[in-house]
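Order of writing sets the labels: A, B, C, D, E and F. Residues in every chain begin at 1.
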Amino acid sequence: MKKIEAIIRKTKFEEVKDALHDNGIEFFSFWDARGVGMARQSRVYRGVAYDTSTIERIYLSIVVRDINLQKTIDTITASARTGEVGDGKIFISNIHESIRIRTGEAGDESLYIKD
Amino acid sequence: MEGLTISIDTIWILVAAALVMFMQPGFALVESGFTRSKNTANILMKNLMDFSIGSMGFWLIGYTIMYGEDVGGFIGKMSLFFNSDAINGVPDKASLMFQTVFAATAATIVSGAVAERTKFSAYLIFSVAITVIIYPISGHWVWGGGWLSELGFHDFAGSTVVHSVGAWVGLIGAAMVGPRLGKYGKAGEPKAIPGSNLALGALGVFILWFGWFGFNPGSQLAAAGEENAVAISHIFITTNLAAAAGAVTAMFVTWMKYKRPGLSITLNGALAGLVAITAGCDIVSPGGAVLIGIIAGVILVFGVAFIDRVLKVDDPVGAVSVHGLSGAAGTLLVGLFSTTEGLFYGGGTTLLGIQAIGVLAVAAWAMGLGFILFFILKKTIGIRVSRRVEEEGLDVYEHGESAFN
Amino acid sequence: MEGLTISIDTIWILVAAALVMFMQPGFALVESGFTRSKNTANILMKNLMDFSIGSMGFWLIGYTIMYGEDVGGFIGKMSLFFNSDAINGVPDKASLMFQTVFAATAATIVSGAVAERTKFSAYLIFSVAITVIIYPISGHWVWGGGWLSELGFHDFAGSTVVHSVGAWVGLIGAAMVGPRLGKYGKAGEPKAIPGSNLALGALGVFILWFGWFGFNPGSQLAAAGEENAVAISHIFITTNLAAAAGAVTAMFVTWMKYKRPGLSITLNGALAGLVAITAGCDIVSPGGAVLIGIIAGVILVFGVAFIDRVLKVDDPVGAVSVHGLSGAAGTLLVGLFSTTEGLFYGGGTTLLGIQAIGVLAVAAWAMGLGFILFFILKKTIGIRVSRRVEEEGLDVYEHGESAFN
Amino acid sequence: MEGLTISIDTIWILVAAALVMFMQPGFALVESGFTRSKNTANILMKNLMDFSIGSMGFWLIGYTIMYGEDVGGFIGKMSLFFNSDAINGVPDKASLMFQTVFAATAATIVSGAVAERTKFSAYLIFSVAITVIIYPISGHWVWGGGWLSELGFHDFAGSTVVHSVGAWVGLIGAAMVGPRLGKYGKAGEPKAIPGSNLALGALGVFILWFGWFGFNPGSQLAAAGEENAVAISHIFITTNLAAAAGAVTAMFVTWMKYKRPGLSITLNGALAGLVAITAGCDIVSPGGAVLIGIIAGVILVFGVAFIDRVLKVDDPVGAVSVHGLSGAAGTLLVGLFSTTEGLFYGGGTTLLGIQAIGVLAVAAWAMGLGFILFFILKKTIGIRVSRRVEEEGLDVYEHGESAFN
Amino acid sequence: MKKIEAIIRKTKFEEVKDALHDNGIEFFSFWDARGVGMARQSRVYRGVAYDTSTIERIYLSIVVRDINLQKTIDTITASARTGEVGDGKIFISNIHESIRIRTGEAGDESLYIKD
Amino acid sequence: MKKIEAIIRKTKFEEVKDALHDNGIEFFSFWDARGVGMARQSRVYRGVAYDTSTIERIYLSIVVRDINLQKTIDTITASARTGEVGDGKIFISNIHESIRIRTGEAGDESLYIKD
């Protein structure tokens, strides 16, 4: 099991979500985050210009079985890209264990639906 | 005695003007509430500006174009810098004030229809045009002694003259600027883009309802004397009942049509009732007002669906259904429900015919000029913001400021 | 002359009616602000609907039940579709308008007390009942020529007739529908469920304060002539001072009782002052108004604690304390502070006794009918939403729409 | 006839008073919107309290200090518990009501200038002082028969008497309490601290604009008779045009100066136009009003920058520029634009000189007493919250409640 | 040291918090997240029905000493369960180091209070 | 590559951001979180006192190359400290892989800008 953390543009979220769905990744969590990076927005408030480097982003957290790892990365990379500075990052890390609260199932089988 | 009569009428008109002015934040809140928060500063700015620019433009030339000496039934004789202390029933400046806030109402309706994707600079130019050209000219036809008033067209407080004019221009604008990104799926199916803050939206509707007690009863333009006292009381009742009926009807219709009673459509329903009663608030009975409100509530729900699904015009706040369809319906219904000349009261179809002519003529005018206007703007400075700006919000790119921090 | 008198009185009543109507968004905002955001659409919908349905119901039959020819001191003779152009002091329709917004005020008070857990459909039915049965009948007793008015009960603008009626029904409703999930701990100790948006709540209170300048001075029902001019000026002053005193007092009392001056209670304090002065705003002195406001402010703070901790009735917005306890207190205090017949002005205890009878009679009526009503609703369609709906919010389940997106 | 005249004038003043009272939530919203959400409950509490305490203080002694029998041109003869049913043109209590809401306006202006860092207890004390001492005394000079009125100083509705007084006290207060943490960088350069909710801010401005139709036309203090009817109509027009011109100008100036048309400054621009026209709304022409609005709009943009960058006084909502600089400018411009005595209309420089004296005298008074007041408070209970409280928000520490949950 | 990430129903938060507290887990961080999964809410906005699969959730992040791991998992599982689809997941991963900013303490002792 | 998760006081965010910037750490993500710990704020709502242990915090997530790890920790510890209870925690964990969405670059080079 791996955890994929992807920091994407807020405006790309719908596309990424649909792309993940089309590729069979139907479970994940996300929240609003802000990013400090190279992309900047300049603003003026009451005559004081300020250069905010904090851009609104969506932070996706997806735990996948190892077999789905590459597919998920590729899907996100493809659907979140605009080519302009500020497209975001994907980070991969290890997950030791996963538990489905509803059933108590653990391990890989907590990550997909058996039918 | 004479002096007191003037005073009473003047107070009435000025208080009404203040109430109608207060409809501006009503519109601003409805539009802000029904759209996304990344465009709120833009919406507020548009509402503030159409009122400000409109106030100046209508004083500068708009008023005389509308109410100046009639030229061929089509337009009033323009004169600059209206500044008269004469009294015609009420002081001329009281009339100017009252008419100014009406003109601004017409202008501000468009703002909602084209929200979340229109260039601010184009909006400003357009806003001048509607207040000094489009609105005053068709307004002259009906209220300034032009050809429609000669014909006997009855639009007491402006279902057609004010509301529909704004809505038809808005319809053309919304169509020409195109739907918001993501509003229609690949198969052309409409998607929901939920409004950011229905609490502000609801407050806006209540404010509008409140302001309408200036809009309609104020249009009596007098309050002195028994007759006027009865008339304005009557207008309060019809206005309030139609709004109530519109809201209740819209709620039940959505409940049946979509399983649950949705707030945003119900809010629109109240407005639809208000717009519809505006034309005939003086000459329909309270019962008639309830029926007009009911009809408006039904039209509203189906109108929103029709514009969204069939016309595929993206009108984020429902301005076209509320002000256009309900305005037209309300104007026509005068031909049925007028207690003096209406079909249901034995008045035959004459008035109904005249009402239809008026509705169509004003619609043609507003759409025609709206088309020319947006066409010119599109070919010159452009009317739509870039994809990037639309995606990230007009607030930051057009105004450098976000509304919420 | 006669005509101008009518005009002046009519203008006064209609402007006042508009202000009172504007209290509706005031209530809607207070209730939205003091509750959680997952139920905001539901609250707004309830407020919109009780006003809309109330407007229609009161026109249809409520008004005549209240003001129709007296039948046995208990009820007015009902007639359908009120539609008179007669003038009794002011045009009948001006009276209808003014009374309609009062009826809607009584109805809307309940909404806050039962917020965040009551079924929308049950609320709608209940809303009809209060506007066409509960309120008009007890209203008839006091204002429509019924037995309490015969007795000399003094409730100028409705501390008891309007506010307490709503509050007592709300108390019964809140008790019968039960507290919100999580409102009381295992040991029965009350928990805090902080309001979602005190900015909207505060705006609501300011709007109500503003609207009260229609509620109380408008209840003079006339403005023409020196006497009326002095009366309405007096009422403005007493109304404003009592509100101010209520707010200041509630602030200092919470400051002492809970260490810090809390906003939400202070806002309630202003409303408590307003409700309390409503009964006697015409016949107490400005100084008396300040004292009434102070008493109301104290009662409010302890009342909220009493209902929360002792009665253990969950009233999210403090409606029972504000409109019920302060309304009753204000009505009784007329017996002390009336400059004509009050105990403190040498008038003896007669008036005080009559005031007590009135307060108790109306409370018994409102609670009794409220109980029957909620009991029937509970046994039939049910009055409380399911656990799941309450937990996740009424907005999504009852209306399919959330207020904030 | 006499009675009706009194009635008409009374209605006018009372309706105007209600509108001016409604400016209180306008101020509360502007201030809440332009500051951070962690201090919203504090701001709302301050606004509620300055109005409540002010209402009581002005009734208790403020009114007679201002309008009591003149003592040496400097102060009115104080008497306690104003309670007169006499009629001087209008009932005395109508005057008291109208003047009360004006006093509260002056007090509330300070709240914005010192926002987000001032101790609540100090604010309360200060609030009493401005309503019963600072404002009534300089008010007496101009409106109560004092030395400035003898001189012929013209400040129709209070650009200087009301708005500037509040602003100059606010300037001193803001300077003495010091800038908010983080407002200035190490090199003294100003930083942006964006307002939390410009939607509420914009609503506040619209409400203020609406309320100004009570503030200015109400200051005619009469509406009966042709002359008054013309006057109030005229004032409506000049008031509205100056506001519009102020908004449009501020927008274009920011657009040029800072590349994009910012909402918050444009909102301030509308207010600047309103404040500026207040002094001369009765005696400048509509064209003059537009010019005054334009000048105010320009002054506003540069004034905000000047106070922020040069004076380095931290005024979160722009109160000093809006009410102080524009108020002073508007008062002076009467000397140029007055159609009866203005320089541009051949009246010479006499009036201009008198206007300058008035502006300076009142500024000196307000700043002087403001300094003494804040100095005493600073040395005694302290005027600034601790670093920790400021960082985490005044709401939780000062009031134990946060506005948004 | 282990990091426990738990994605639970927003409505279960108070219960979970109290249960953790009762079991001696007194330190954690959390934020609002949204989840894409099998649980859905259907909505209608202005006549357009939409099926939102994004449910409001609370994301808990708890770093615990190894000895507390199982207890914490059990506590969350028990208190967050309703048995209906949408109860959420628990993920476990490794933490290399933990530092208490206030004192600079590192390792296990940064995770509890010595008295 | 390591992931640094820092939970700091909201009021310290600007200082931490500037300190990170001055030390060459120019990329990170953050969001609003709430913390349960020893620091508490007492509140009163409508007369009911409640002791909220949930304090507003900023959650920083920074992925850094190993060579930058210690520097980043030191910077945060120094700039986020007030010395009072509630300063927060820093947690370090492993990241297996990092990908820059815009370019597809992976590994260490996705974490800095080559020029």
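By definition in this document, contacts are C-beta pairs under 8 Å (C-beta built on N, C-alpha and C of every residue); 3 or more make two chains touch, one makes a residue touch a chain.
Since this is a predicted model, take the numbers as computed values, not measurements.
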Each chain counted as touching subunit B and subunit E at once: A, C
Touch-network distance, subunit C to subunit F, counted in steps: 1
Between subunit A and subunit D, centroid-to-centroid distance (C-alpha), Å: 50
CA centroid of subunit A to CA centroid of subunit B, Å: 44
Gap in Å, rounded to a whole number, between the CA centres of subunit F and subunit A: 18
Computed distance of Cα centres, subunit C from subunit B, in Å: 33
Interface hub residues of subunit E, defined as touching at least two other chains: 31, 43-45, 93-94
Where subunit B touches two or more other chains, by residue: 1, 4, 8, 11, 15, 194-195, 197, 258-260, 262, 264, 400-402
Pairs of chains in contact (touch as defined earlier), listed by label: A-B, A-D, A-E, A-F, B-C, B-D, B-E, C-D, C-E, C-F, D-F, E-F
List of subunit B residues in touch with subunit A within their complex: 182, 391-392, 396, 400-402
Residues of subunit E defined as touching subunit C within the complex: 11, 14, 41-45
Touch list for subunit D against partner subunit A, complex: 190-195, 254, 257-260, 262, 264-265, 301, 304-305, 308, 318
Sites on subunit B touched by subunit C in the complex: 1, 4-5, 8, 11-12, 15, 19, 36, 194-199, 202-203, 205-207, 209-210, 213-214, 217, 223-226, 228-230, 232-234, 236-237, 240-241, 243-245, 247-248, 251, 258-264, 266-267, 270, 285-287, 290
Residue ranges of subunit E in contact with subunit F within the complex: 3, 17, 26-31, 61, 63, 93-102, 104, 110, 113
